[in-house]
Amino acid sequence: MSVAEEPAAPTATAPGEPLGEVLLEIRGLSVDYGLGDEPVHAVDDVDLMIRRGEVVGLAGESGSGKSTLAYAVSRLLRDPGVITAGEAYFYDYPKGSYREGGEGASGAPAGTPKRIDLLTSDKNKIRAVRWTEIAVVFQSALHALNPVLRIGRLIDDVLKTHEKQMSRAERRARAEELLDIVGISPDRLSSYPHELSGGMRQRVMIAVAIALRPSLLIMDEPTTALDVVIQREILEELMDLRERLGFSILFITHDLSLLIEIADTIAVMYAGKLVEQAPAKSLFHSPRHPYTYGLTTSFPSLHGEKRVMTGIEGSPPDLRHVPSGCPFHPRCAWAMEECTTKVPPALELHDIGGSRQVLCWLQDGAHEVPAELNATPPAAGTDEARPSMRVHGTPVRAHGSAEEGGAP
Amino acid sequence: MEIVDVSKEQVPPQTPLAAAQHKRRPKLRITKSKKMLAGLVILGFYVVMGVIGPWIAPYDPNALGDLTGPGGTQSPGGHHLLGQTTIGNDIFSQLLAGTRPTIEVAFLSGVIATALAIVIGITAGYMGGFVDEVLSLTANIFLVLPALPLLIAIGAFLGPDRAGSPWVVSLIIAATGWAWGARVMRAQAMSMRNRDFVEAARVSGESTSRIILAEIMPNLSAVIASSFLFTTIYAIGTYVGLGFLNVVSAGPHYNWGTMLFDATSSSAVEAGSWWWYVPPGLAIAVLGMSLALINFGIDEYINPRLRIAKPAKGTKVKVRPQLGFTPVVRKRPVVDASPYAAARSQLEEAQ
Amino acid sequence: MRVFLRRLGFYLLAAVAAVTLDFFIPRMVPGDPVLTALAQLKGSATPGALAALQAQYGEGTNHAGLWHQYLHFWNMLLHGDLGLSLSLGNTHVTTIIGQHIWWTVILVGLATVISFIVGTLIGTLAAWRRGTWIESLLPLTTFLQAMPYFFFATLLVLLFAVKLNLFPAQGGYDTFSSTVGLNWAFISDALSHAVLPALTIVGASLAGWIIGMRNQVVTVADEDYVLLAEAAGLPRQRVVWYAMRNAILPQISSFALALSFVVGGSLLTEIVFSYPGIGFILLSAVKSLDYSLVQGIFLVITLVVLAANFIADIVYVALDPRTRQEA
């Protein structure tokens, strides 16, 4: 919860800022499981923004609320999930107005979007935006593909619903084209899901997801169930596709190392709160939140400097009994008196890696920041942080990336 | 509404969403499930009646007598609480006397059939291979054979008196009623065969029978209870059905099915003698329902999703869960602190 | 095709088991009831019928071994001979069954199909509209389910035949005014006679289908592929179809069990309505100790039930592509 009497934190939010390239805007979203006497606060007062063409990684341990957040914002969260506060807007830009990658792309006019309030719009409006603009790739394609339906039938259903002008033959041709895009032979359209391998199923899922050229793909641990080689293959293809088609991705995973390779921005969740959000490289090389720091030291880095692997002691809290103050304080090596009682404010910091958001008392300017949480981020624009992926294309940012300031 | 324990999702299980909303399995507390409590209370009443029924019955259910209802009819009143049959039996006494054999047969068949189901089902599921093939085949054959015609055929050859002994009728009912439970338990035992604790017991050299008895069975208690109740309901239906056909006779006691047969064959419906056929029919239906209620409780314990949706306690907002449209119940007003609020409000809303 | 042959093989095996059971029932029973019955019949039965019966049961002059009797039983069976009925004027059992089986098959078949369809639809609705009034119907259906068929039948007779006089309460057709055959007068008469028995079977078996389907849909609705259908913005009917199409599979596989119940219940229903089906004949056969008729009826009912189950299995295989691959 952002504290009302926020200390003199440096914020650069002038009222009436232009939208720029914002695609999805989440403000103060809270989600409970159950409405009764003892609800579980799975997501608590989260702000998150996704811009056009951007890959946003949402990281966190199991139970941190990352999937809950993504499903809640698409209103797909199941009973007993209830959205208890906040707002979520989707901006529907005219199709084809986005050009990414090419020179001077970021300067091009955005086109005026239409606004969709995801939390208050009626069902028909939400159904209309589903899949045409926001598509979801589920973790397990085996469970997400209807076992008694042929692959082609599912694609056909999707096209028939949203592209009413298409003829049967056109739908068929489009379905074949889609399979071809994801590298599957078109004659697989008549296959049932159980006749495909795990990797093929996930490819089919992606084909289904991009069928209507959505502008946002929500991917919930899409490759967790696959072996490493296929996982890598699919991710590379996904990033190629993203470059060609220009969709944004909200990529949910517990695997931070993966995000560093594919994401532009990473948001880290802990116990329902978004504790840190920063450009991928900055977050990895110069974490500002103790939890993020702990995560970055929990796995070996394949490229980049050697690190001492330490991990985080303790285990995530039971969400029915979240610790008071900062939920991370029982596991935090730098916990202070006020961390146990007061929830930290959402602080916006600006450094050479770009602006970032962090939820920690240490960074409020009034405390001395430990050296581990004060590393100098790599300058924006250098690409050496993600050398392994054939992924380029710098994301478009609407506002200041090189502002100095924030934490000392 | 069930409270979710999100902290329990450690390993990413197969269905990601089901896991994110993994429901805590509650302890089976009888008082918590109203259905189960109601079922148990009713069943308890029947059991008490089964024990004391024949003693507190005001008349010998087989004794003939003068019709003493108002104006010398069979109607209830006077000496006969629920009236009389056309030949003057006291219906209330027949009803009371009929409780005991019904309860006896239901319980005995339930026990025998469940024991058979446990032995055959768990053995098949645990052993696998050829043993499983043979036992499953046997179970499946018993499952597809229609039970009642078989029971009638057997009963016809035995004659009503021999077939009417609680032991005999229970045995033949159990012989046709075990297959369903065996199939369920086989499936459960198969899924349990490769669990760590069973594996550990096997490696440590425990005997197969001990593994089945000490490791697997306790974990199947809910399924076993459910199977027992199912067989019991089946046994009651079959027993009164056989009584209705006069294939079994309850001897000195009475069978509710026989009462209904007497009523039907004496045109009680046409004569308007409702007191003759309504009490036994209701007695059977209510007993069956009490068992079904208990079974519902067990089912909902095994699979919490089956619970009938109720508004959560401590809230006045009624939220109807609906797939694909997570409800929005704002507890605090929207304070739009977004830097884009102004820009956003300029935009046209999408259709 | 292999799945088909395997299922066929299973049902053939089940049929052999049924025949064997049918053969052994009179022989397993202690005290030899057949001998007693034969002794009673000595005066009334024709010598030919008596000899046939003795041959059938291996009694009297023809003391053959058990195996020989078993073969003889099969031989008779394969020649379409189920023996002679003694209570019904020494007619062939097959003739009697042939006269009455169709009443039962049509009645039970129609009622079961209606019950399955209606129950499945209501069950889907109850699952999809959780928290609405439809769910409050569930306890009521449990009560109906717990009621024995013959009691439910009695109540229907009271309401619709005695009180309202809408439908006939007895028989399969009006024996005075109709001639059996394919004429409209007979068919409409038979239909009006079938209403109450069919209503009994539908009413008593509906609850099982409703609750089964409701629980299946509730379970299936938790699957990701249903959520995907919602996420893809598919119309509501299509989303429900995704769930139903999967939820119906366990319904079909529980058909065997349900059919056994329905057939048993229907036999009793026929007795309440004096419906000229096989159940009614079975009752009179039991009463008059007409053993060969009892055995014959058991066997024929069993074979019909096996055939129905086989059809249900084939439907299942047709509806679930996964079973086709496993073969």
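Labels A, B and C are assigned to the chains in the order they are written; within every chain, residues are numbered from 1.
In the analysis below, a contact is a pair of C-beta atoms (placed from the backbone, for glycine too) under 8 Å apart; a residue touches a chain by one contact, two chains touch by 3 or more.
In this text the structure is predicted, and so the values were computed from the model without any measurement.
Novice: Taking each chain's centre as the mean of its CA atoms, which one is most distant from chain A?
Specialist: C
Novice: Please state whether A-C or A-B has more C-beta contact pairs across its interface.
Specialist: A-B
Novice: Of all the chains shown, whose C-alpha centre falls nearest the centre of every protein C-alpha atom combined?
Specialist: Chain nearest the centroid of all protein C-alpha atoms: B.
Novice: How many Å are there between the centre of chain B and the centre of chain C, using C-alpha atoms for each centre?
Specialist: Between these chains, centre-to-centre, one finds 22 Å.
Novice: Would you kindly tell me how far, in whole Å, the mean C-alpha position of chain C lies from that of chain A?
Specialist: 57
Novice: Please work out the Cα centroid separation of chain A and chain B, and write it as a whole number of Å.
Specialist: Whole-Å distance between the two chain centres: 48.
Novice: At which residue positions does chain B touch at least two other chains?
Specialist: Chain B, residues with two or more chain partners: 15-17, 309, 311, 321, 323-324.
Novice: For chain C, which residues are shared contacts with two or more other chains?
Specialist: 222-224, 227, 230-231
Novice: Could you list which residues of chain A touch at least two other chains?
Specialist: Residue numbers touching two or more other chains: 76, 78, 126, 128-129, 138, 140, 143.
Novice: Flag every residue of chain B that touches chain C in the complex, lowest number first.
Specialist: Counting only chain B, the residues touching chain C are 15-18, 137, 140-141, 143-150, 152-159, 162, 180, 233-234, 237-238, 240-241, 244-247, 257, 260, 263-264, 269-270, 272, 274, 277, 280-281, 284-289, 291-293, 296, 299, 303, 305-306, 308-311, 320-321, 323-324.
Novice: Across the complex, what residues on chain C touch chain A?
Specialist: 222-225, 227-235, 238, 242, 245-246, 249, 319-322, 325
Novice: Which stretch or stretches of chain C touch chain B in the complex?
Specialist: It comes out as residues 10-11, 13-14, 17-18, 21-22, 25-26, 29, 31, 33-34, 130-132, 135, 138, 142-143, 145-151, 154-155, 157-158, 162, 169, 215, 218-219, 221-224, 226-227, 230-231, 239, 256-257, 259-261, 263-265, 267-268, 271-272, 282-283, 285-287, 289, 291, 294-295, 297-298, 301-302, 305-306, 309.
Novice: Under the touch definition given earlier, write down the residues of chain B that touch chain A in their complex.
Specialist: 1-12, 14-17, 20-21, 309, 311-315, 317, 319, 321-332, 334-344, 347-351
Novice: Which bits of chain A are touching chain B when the two form their complex?
Specialist: Its residues touching chain B are 2, 13-19, 22, 25, 27-28, 31, 33-40, 42, 62-63, 65, 67-68, 71-72, 75-87, 89, 91-92, 112-117, 119-120, 123, 125-126, 128-129, 138-140, 142-143, 220-221, 224, 254, 316-320.
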